[in-house]
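Both complexes below contain chain A, partnered by chain B and then by chain C.
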Partner chain A sequence: MNTRLITGLLVAVAAVLALMFTADNYVLRLATTVGMYAALAWAWNLIGGYAGYPSFATAAFFGLGAYAAGVFQSFGLPFALAWPLAGLLVAAFAGMLGRAILHLRGHYFAIASLVIADVLRELTNVWTDVTGGGMGLNLPLLSLGGVDGQTQFYFLAMLLMAALALLISWWVDRSRLGVALRCIEQNEDAAQVIGIDTRSSKVAVFMLSGLVAGATGAVYASWVTYIDPTDVYDVSLSVKPIVMALIGGVGTLMGPLVGAFVFLGLEELLWRNVLEFHAGLLGLLVVALVLFLPGGVRDLRRYNVWNGLIRLAPWKRRTT
Partner chain B sequence: MKSLLVLEGVSHRFGGVLALDRIDLALGEGEIVGLIGPNGAGKTTLVNVVSGVHRPSAGSIVFDGKRIDGLRPDRIACQGLARTFQIVQPFPRLSVAENVAAAALFAGAAGSIPEARHAALEHLEFCGLLPQADKPASSLTLAGRKRLELAKSLALRPKLLFLDEVNAGLNQSEVDHALELIRAIAKRGITIVLIEHLMKVVMKASTRVVVLHHGQLIADGTPAQVVADPQVVEAYLGRSYAAEQFAQVWA
Partner chain C sequence: MLYFQVLLNGLALGGLYACIAAGFSLVWGVLNVINILHGSLIVLGAYLAFFAHQRFGIDPFLFAPVAGLALFALAYPLQKYVVNRVMGRPVLITLTLTFGLNLFLDNAMLKFFSADFRKITLESPWGLLDLGGVLVPTDRLLATATGLALVFALWLLLRNTQLGRAIIAVRMDSQAAALMGIDVNRTYALAFALGAFMAAWAGVLLSGIFPISPVTSSVYLGKAFVICVLGGLGSIPGVIVGGFALGIIESFGTLALGPELALTLAFLVLIALLMFRPSGLLGKRGFQ
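For the complex of A and B:
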């Protein structure tokens, strides 16, 4: 187990270094996006996977983190302080939000979490003095040795966010909190009867989810240097992490990472070619996943694809 | 005998229905109390109110010297009051051992996850479920799930255990096995409240029987006294059953 972990780490570090010094900026930009997607998918997996609460609040956390970091920097704070502060602010926000809506279950929770991003977007639009309103907010450009330096820097920063998300998920996965959350996910009433403080457990993991998504939003804001309300509170930021977790396996430690890679691959290859209908394809993909691969791509093992084709063949029909 | 659980004037209302009507009840340490009554008498409501699922509309509940009415279920479980569910509630995708370990980890106050697993295996052995320890809980038979409920409750290290119909749906030999288990649990010094429809089980196992009818306590005494009580006969047992029991008790 330990040797596997060390090998994995070494391979990851080697891959990162190789990418940084050999890949062109397009590939590096894609890799940065993978890091961002993985961080968001891990953030969602904490509340949606381990606790089983179908949260659509990821966009709210992400946008709030982006704006908090942007506003902090417009007041003169350096990014190194603004990013973690933004993460903590979003975690506190998630704590209050969780206390208010985590007693709702199933669809009710999903709907309640869905509207949060809309409320924050409207507030951001209205509070023009600080946020710039609908005009958006410009962030200071960091002087990091030209375009290449910038790309490499944000690649590493986003990987750091993914690493933070992985570290938190790894801890939750094996902690008392993780046991509590799995019990809550499977039977919340029974969980309470064996002495689990269900509310505190859910609020705690919601805060961790907010911390990761908020900090990722903060890095994103600096990376793109300009944010506006429709961009960072976009509902697709809530939906995509769910799709990634579904692809990789909900409630598993490495599922979100697998999902982030597969999802970005699909996005690049397929959706750039069918721009008009890519949202529709996203919907179809979710339906197909839930119906046929509820455990993610690892469920593919259960389907013997070749036998399936033979069974569908016309000369085999009506034999049973 | 020291009272472990004392209910004073406990009522519970669902809208216009008075499910529990001013219940006064004191349970002593080491008792095995049979709680019986017709369907809808309020037996499960009583368990739900005591275990914190419902907050009582009126009255006070004192457990082990502390007021517990109005506390959350997890707080009450941590103080040593455990209950099983009439409809069994395992965590289906955890293994049998993980189910029990989770109980040991929280209300059972195990210090760590390995320690909780160790405790879980002991309780599984006690309940005869050790061979199934690593199977998913959803693979157990009904009798197995009922025993899993028992093992989970024991892992909470309770002082008082409410068993809500742990024998319902079991065949004769499974019932006998469950009865042995209940007696063995009582020998560990755990006070037990048996909620049962099977009169034979109640009569065999209980040291005391209380009867609920329309949310009121209508009888409280030894099994023999309760069976002879005319109100109980009228409300629940029926005359022929009572005559049969009389014959057995006095034979």
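For the complex of A and C:
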């Protein structure tokens, strides 16, 4: 353990405690959303960043996790058991799905992963007895001592998901699996030639991605207490994590966290000012991001923003 | 007789479906870009026809070329100035870009046209055609025939004109095509615009048959996915096979499982096909 890591951890814990006991419920809700976004972005980054597979299955994992946890709880399971079970179920689903579609490359993989959420949504819609169909599913309200207690509890729960995602990403980042995935990302055929079991590596990381996204969906379901198929299988849940990873830097350890913060800030700004057209502006933002900052905020260096600002500053003008 | 009727219902949509997917397949094949915007362009074409009919009483079948040219003119600069900047980049980048464009166009249509479902109702409906016990709606038959004719025209264009040969050459090997004196960037833009032209025409044909709304754009995009994968990428005959296959799958799926699950069944077929035969039924390299 080096000192930087310990300092970082201490600062993070202090920030969390400070937020929990001083911030109002609005700020706490935003912080909970950051936790959720960061967890999803990390989950995507595992398969999309390290392995370089353009997965659009995040919404499928998230929705399946939300519904699994909801159904488990409607059968009387406590949330503390329902959440991890939902995560494991989604991981198992991701394992089967991965065996079926991870041999596809490029566009074909993207399309196959994109339609999974649609299939699951329709199946959820039809299976009315268990899922409530299009009417949605109500989850039991946990008795946690009023509104403030609820908010603080879900803030911590979502942070736990983000921490789990970070921990898994950190492990993958420095493990043999991570090396294998980076080889696959660069050249899959060559990776196979040097003896990497590409198939198992891809399936393994897809399962980890499913575990994180599924458990996050499970927590989300309890947090909002009501889920319906169009909400939790929404395609934007697949796209937002990608945008966040693009903002922060695809395939990096901390990129998803940076992206989650920046993205939520932008989203909140759009929601507040142009409610009716926020999805459209989000689209323009995505286009601008892809065109001008394909490597994320790191690319800002290329544009010399900082130097430009300094040059514009009035007190510097004389010295030029 | 019931199965024959169901089969015919599927066939009556096949040509229209081929038309939906032809432009998508062309853009995918030539530019190597999955154009998520395609569904939105179809819906935009349908709206143009709807308003032309509502305001000026223009028959959608006559209006189709106008809508096609309008979207051609919109798509050419869009490719030239926006999409062309990410050509040759990884799937993730190109797909995310067209997804952003799709979000923008869908939201814009939602704002200006509202989410209400609308449909063109002609003053004098054509009614049903009785083929000895089985019935076919005449407008569907006409739409499918028109769609099929348009796809055939695209095939002729690709085979017999200089532009078409240039598009196929770029699809096969863009570097070699550039060495032969083909303006590759211009060909990309023309292929993309041609895709939008096909999308608009398909949308106009749809507007008289199905209710349209900005929220349906993803449905047509999903259909285009299935058709392209079923028929195989990069061939016009593949698009026609895929279109009729989807029509038949959907109509039998509706009979067996109900209308909600028809497209879901098609998606499951798509995944199963990708598992075992990723190149589709008629996939090949050149765009013939």
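Simple rule for what comes next: the second predicted complex is superposed on the first by the 302 of 320 C-alpha atoms of A that agree within 3 Å, B and C clash if a C-alpha of one lies under 4 Å from a C-alpha of the other, contacts with A are read in each partner's own complex, and residues count from 1 in each chain.
The rule we apply is simple: a residue touches a chain if its C-beta (ideal position, glycine included) is under 8 Å from a C-beta of that chain, and two chains touch if they have at least 3 such contacts.
Because the structure is predicted, anything quoted here is derived from the model rather than measured.
Peer 1: Have a look at where A:Thr7 lands relative to chain B and chain C in the superposition and call it first, second, both or neither.
Peer 2: A:Thr7 contacts neither chain B nor chain C.
Peer 1: Regarding the shared-chain residue A:Asn138, is it in contact with chain B (first), chain C (second), both, or neither?
Peer 2: The answer is neither, since A:Asn138 touches no partner chain.
Peer 1: Using the superposition on chain A described above, determine whether A:Thr128 touches chain B (first), chain C (second), both, or neither.
Peer 2: It touches nothing on chain B or chain C.
Peer 1: Should A:Ile242 be classified as contacting the first partner (chain B), the second (chain C), both, or neither?
Peer 2: After superposition on chain A, A:Ile242 lies in contact with chain C alone.
Peer 1: So which one touches more of the residues on chain A, chain B or chain C?
Peer 2: With both complexes superposed on chain A, more residues of chain A are touched by C.
Peer 1: For A:Ala100, is the partner it touches chain B (first), chain C (second), both, or none of the two (neither)?
Peer 2: second
Peer 1: For A:Ile196, using the defined touch cut-off, is the partner it touches chain B, chain C, both, or neither? Pick first, second, both or neither.
Peer 2: So A:Ile196 only meets chain B here.
Peer 1: Output check: A:Asn187 vs chain B and chain C. Expected answer is one of first, second, both, neither. What do you get?
Peer 2: First partner only, chain B.
Peer 1: Residues on chain A in contact with chain B in one complex and with chain C in the other?
Peer 2: In chain A, nothing is touched by chain B and also by chain C.
Peer 1: Please give the residue numbers of chain A that touch chain C in the complex, ascending.
Peer 2: Going through chain A, the ones touching chain C are 48, 52, 54, 100-101, 103-104, 106-108, 110-112, 114-116, 118-119, 122-123, 125-126, 235, 239, 242-243, 246, 250, 276-287, 289-291, 294.
Peer 1: Looking at the complex, which residues from chain A come into contact with chain B?
Peer 2: 174, 176, 179-180, 182-183, 186-187, 189-198
Peer 1: So in the complex, which bits of chain B are touching chain A?
Peer 2: Checking each residue of chain B against chain A gives 51, 53, 72-74, 77-78, 82-83, 85, 89-94, 101-103, 105-108, 113, 152, 155-156.
Peer 1: Report the residues of chain C in contact with chain A in the complex, numbered from low to high.
Peer 2: 28, 32, 34, 82, 85-86, 89-93, 95-97, 99-108, 111, 218, 222, 225, 229, 258, 260-261, 263-264, 267-268, 270-271, 274-275, 278
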